[in-house]
Amino acid sequence: MIITLKKNAPQNEIEHLHQALEDRGVEIHAIEGTDFNVWGLVGDTAELDERDILANECVANVQRVSAPYKLANRMFHPDDTVVDVAGVKIGGKEPIVVMGGPCSIEGKDQAVRIAKEVKAAGGRIFRGGAYKPRTSPYSFQGLGYEGILDMVEARKETGLPIVSELMSADKIDEFVENVDLVQIGARNMQNFDLLKAVGHINKPILLKRGMSATIEDWIMSAEYIMSSGNPNVILCERGIRTFEKYTRNTMDLAVIPIIKEKTHLPIVIDPSHATGDWKYVEADALAAIAAGADGLIIEVHDHPDQAWSDGAQSLKPEKFARLIYKARRVAAAVDRDL
Amino acid sequence: MIITLKKNAPQNEIEHLHQALEDRGVEIHAIEGTDFNVWGLVGDTAELDERDILANECVANVQRVSAPYKLANRMFHPDDTVVDVAGVKIGGKEPIVVMGGPCSIEGKDQAVRIAKEVKAAGGRIFRGGAYKPRTSPYSFQGLGYEGILDMVEARKETGLPIVSELMSADKIDEFVENVDLVQIGARNMQNFDLLKAVGHINKPILLKRGMSATIEDWIMSAEYIMSSGNPNVILCERGIRTFEKYTRNTMDLAVIPIIKEKTHLPIVIDPSHATGDWKYVEADALAAIAAGADGLIIEVHDHPDQAWSDGAQSLKPEKFARLIYKARRVAAAVDRDL
Amino acid sequence: MIITLKKNAPQNEIEHLHQALEDRGVEIHAIEGTDFNVWGLVGDTAELDERDILANECVANVQRVSAPYKLANRMFHPDDTVVDVAGVKIGGKEPIVVMGGPCSIEGKDQAVRIAKEVKAAGGRIFRGGAYKPRTSPYSFQGLGYEGILDMVEARKETGLPIVSELMSADKIDEFVENVDLVQIGARNMQNFDLLKAVGHINKPILLKRGMSATIEDWIMSAEYIMSSGNPNVILCERGIRTFEKYTRNTMDLAVIPIIKEKTHLPIVIDPSHATGDWKYVEADALAAIAAGADGLIIEVHDHPDQAWSDGAQSLKPEKFARLIYKARRVAAAVDRDL
Amino acid sequence: MIITLKKNAPQNEIEHLHQALEDRGVEIHAIEGTDFNVWGLVGDTAELDERDILANECVANVQRVSAPYKLANRMFHPDDTVVDVAGVKIGGKEPIVVMGGPCSIEGKDQAVRIAKEVKAAGGRIFRGGAYKPRTSPYSFQGLGYEGILDMVEARKETGLPIVSELMSADKIDEFVENVDLVQIGARNMQNFDLLKAVGHINKPILLKRGMSATIEDWIMSAEYIMSSGNPNVILCERGIRTFEKYTRNTMDLAVIPIIKEKTHLPIVIDPSHATGDWKYVEADALAAIAAGADGLIIEVHDHPDQAWSDGAQSLKPEKFARLIYKARRVAAAVDRDL
């Protein structure tokens, strides 16, 4: 950590800060500069908060040298983490995994019917929303537990593991019992109590990036889960919020090489939410494969115009199958299986 | 609601959509245009979801004419809502309310000591964090229930009502029992389960704007609380995330006239989080008063350099007192008391 | 165009607006709604400005149904435009074109040397900066005309057409005489006088997207060039500015299917500027190919650590060659040549 | 400047960089850290480019300690700059200056008529657009030179100095001859050739912030003008582009204390463009005054509904007069004249 000090700061303030930092166990190396003085801090600075140090009036600026994450940091864990979702492996050199299914579960028949389509097309995990985070209280809020049970039926019929979003800690037991991969949605990426709660279970977690989360914020949320005891975190990019209006969000594909460089965790892309428009899903899905994604999660519905939510971004099964066909060719071109 | 239809869409798709909309109880007025056809929908469209309609391939675009919120909408509730926080009234023509206190409660002495300073300076509500949403799992996470009890002590000693952030529904009873104004933080603004939960209590809610929430998203989150039964919502702007790096967030003061135009709810500004730097807090606080804010919430600490969190944006008590002195003058200039 | 009118607006204001619109030659279809009334305007509305209509106090909102661009609009020009850059064709079903070269031209030797490397690797156009838009007046500003002449030498030696950025209309003759593809940079995307000026020349234009330009803004800038008489516009995405800090910009790849849907113009991607870091360039370049890009423009330098600008995002020639090798495989997987 | 070096980098690369930096005349202080090594550079680093250093593979990160601007930097010029616009002084402790006028000049009568209203209301500079940067080539582009002459007439009749936007260097003589304050618009904030050109004239410059410009970018653009020889730069905030849709832009008022801290230049606020809606202009204008702005620039039109551009954000003269009346009261409350 680098602390920039004002030249004209009172000596006693500077000494006070110097002492306080030494008390935290770090070594201080001082450099006298032209306009500012600089301290380089050596030692474990992960528990120092930049903003606490900034509170000293003698300080002009504080900059971190080492990343604030440890468990997710590839520097301390060079090997790829491979996450096992009820037998389906994600990450490292494993084949790319495509997850598909409807935005909302609408009943057992719909769940089973679409799960079969997903499987037939080559999808390996069935996704579906039972508890739905909707912007409007007047929109359909999901079938809840009934929807989870419908997904369990779909798994029975197809053998596909299931992933669904957990919105509240009081439903954790239900998810541990029934769901194979527990999704934390974008809107809850910094619901820290929920992160800690899923850090205590032994199911893998799909952690979506928040709409305004920096990559560092996102990795720190993974670190919450990991430091609570659960190492099985899969990161999922679903687009960030920008000024652009032609798409619902802006998909940030540079996260793929960055997540692989900074962390050892698998990275999955959700082109359905990133674009918000089925017409653009295929192009962005292929792009994600070419950039090195470990998986895709895609909304599929056999009657998008009758979907109870987000039909606009759902692919029909035949389009989903065609996407997987094309994705396989692109995967092969970058030496990955799918 | 306005639906734009593609000219070359198959007739049966169009008829199918027409029927589906009529089944939802809206009247359809068709206009034949040059490049597109247009349907104007008349009736209650709040429960129609734009994105469901967009899922029809014959549809090029969907635009809402009426706002998607009802209970918060000034159109249906022209009078200002005044929220009563244990006797302190906020909103309408009531005097502007300044809330102050530390980012984190650090113990009973600190709480009582700072609450006295806040009161002496003219603050009318004591704020403090007991449960802290921190980006890093390695940062101080708050004293929890102990911190709430420390705030209760501070209230006993000063008579100031207290506001603190609720991060998880399982602590609601604790908050209902002890806290006068329940804060929902920016990171939980779309934690819909939590919004519904606080919609069922009879304490007023301070709803912070999410870092990437549009004003409409934010009002919809208020609508969640209100439609669950709790009409006492105060909106609080705390800055949005932009590309700018010299401040922690960008304070959006246009929200003040907009919230007053679109809704009947009180609007409070948090210049501490918006700027992230105590040096800029006073300027932005005075700006908020001039623009018509109903209140301010400001971080105050008597030893910012020793604060357990966010010292960088905390004002010392004497600076807080000076801010209130100046804010009074600005309030008078815009015909408000403080 | 759809105009939403306030219910309680004075009748004379409404009549005044009605007359003014009819005078502009559009037909008005009125719909009486619950909370608002609505007018649908039929006819040529491209020359009506939403904001002029909004200036009427009786108007609550104005929404465009048809796109504001005509010449770039695929609706009125269904066939792909293929742009010919001194014999190299870009767009449509033509092979994907890779452009490469240094951020800054540093002299004849450097230009020729790198152009040869670009050609050897499979690049088909040589890029280089002679006039450099630098954030700091103290940074190297480019060799100017000398740099252009160095590029001309590089073309002589390699046969590769050359592309370079034009920053000011007073250099147009120099560019018309020497350069094969005239680049308008992101910072000048809304320098409308410059757009009009290059609309009058008969060289193709590479129009970069502004850092905060919506896709619609960007197409409108192409429309400026086209409506001034130059139909040969290639659009180039180079990343937009967001809150993310790990990359210089955020590359928005959804533009590829969108530009192809909304316009008939070729679309080229610049992963060097989009990421700002050579380590991420390959992944994003392959992604762009998979998503359907018509070309790539990539910074190449044989000694990035000695480059006079932007070495951080430049690929060494061997990495550039490897990128093209991989890009060819991905191109084949999506049925394109490269 | 702080350079973070990878621990495992080859020794010869590190020595090469060390030598290269010493050759640039800076002193290097090395600190051996736990995960990285760090160099602190002492000396004049303004001409070093972070990104050139980043191009060395041994470098993990580069961070600037001192600001990259010198002439605009308050550290080296502690006194406020007061800019004289044909006798009207702006900045320092001078009275706040309100500039007003139409978005577009529409003819001599309109210009003179509105200038008189602006003066009667208390405005001290007359603004008007003769050359208009419009997103669409089909929108009114301004009267050009004729509009400038109309403004000259308005100055003759009222005595108010005039400000207008210069879009292209080839019109500089026209502006030097006729205009008192030369505006560089948001879209040209990084049109560096234009910045250098106005750096060579002896008229004051009103430099608007670009829609996606950080404060540092903006100050660097001022530095371009100043380093070319023109010290009379007034900075003007006009809102930045964010995801918010209820306003045209987001006004960033924290710039006021920041610009005053980092630079010695005057800062003026444009609430008309920042909000894009006349209904919100007054609130934001008062906020700007309370936050310490040195001036306001506001769009005024006597018939907004007939304005040739941007009527939606124009105030009628009586509203403008009321705004000035209120602004005076707020100014007095913060001990400024207006």
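By written order: A, B, C and D. Residues from 1 in each chain.
Keep this in mind: contacts are C-beta pairs under 8 Å (C-beta built on N, C-alpha and C of every residue); 3 or more make two chains touch, one makes a residue touch a chain.
In this text, all values refer to a predicted model and were calculated from it rather than measured experimentally.
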item: Contact-richer chain pair (by C-beta pairs counted) among A-C and A-D; value: A-C
item: Most remote chain, CA-based centroid, reference being chain C; value: B
item: Length of the line joining the C-alpha centres of chain A and chain C, rounded to whole Å; value: 31
item: Between chain A and chain D, centroid-to-centroid distance (C-alpha), Å; value: 39
item: Contacts with two or more other chains, residues of chain C listed in rising order; value: 212, 240-243
item: Interface residues, chain B side, partner chain A - complex; value: 16-17, 20, 46-47, 49, 51-52, 54-57, 68, 133-139, 141, 167-170, 187-188, 190-194, 196, 210-212, 217, 220, 223-224, 227-228, 240-241, 276-278, 304-305, 307-314
item: Residues on chain A engaged by chain C in the complex (per definition of touch); value: 212, 214-216, 240, 242-247, 250-254, 256-258, 261-262, 274-275, 279-280, 282-284, 286-292, 326, 329-330, 332-334
item: Chain D residues touching chain A - in the complex, by the definition given at the top; value: 2, 4, 29, 31-36, 38, 40, 42-44, 61, 63, 65-66, 75, 241-243
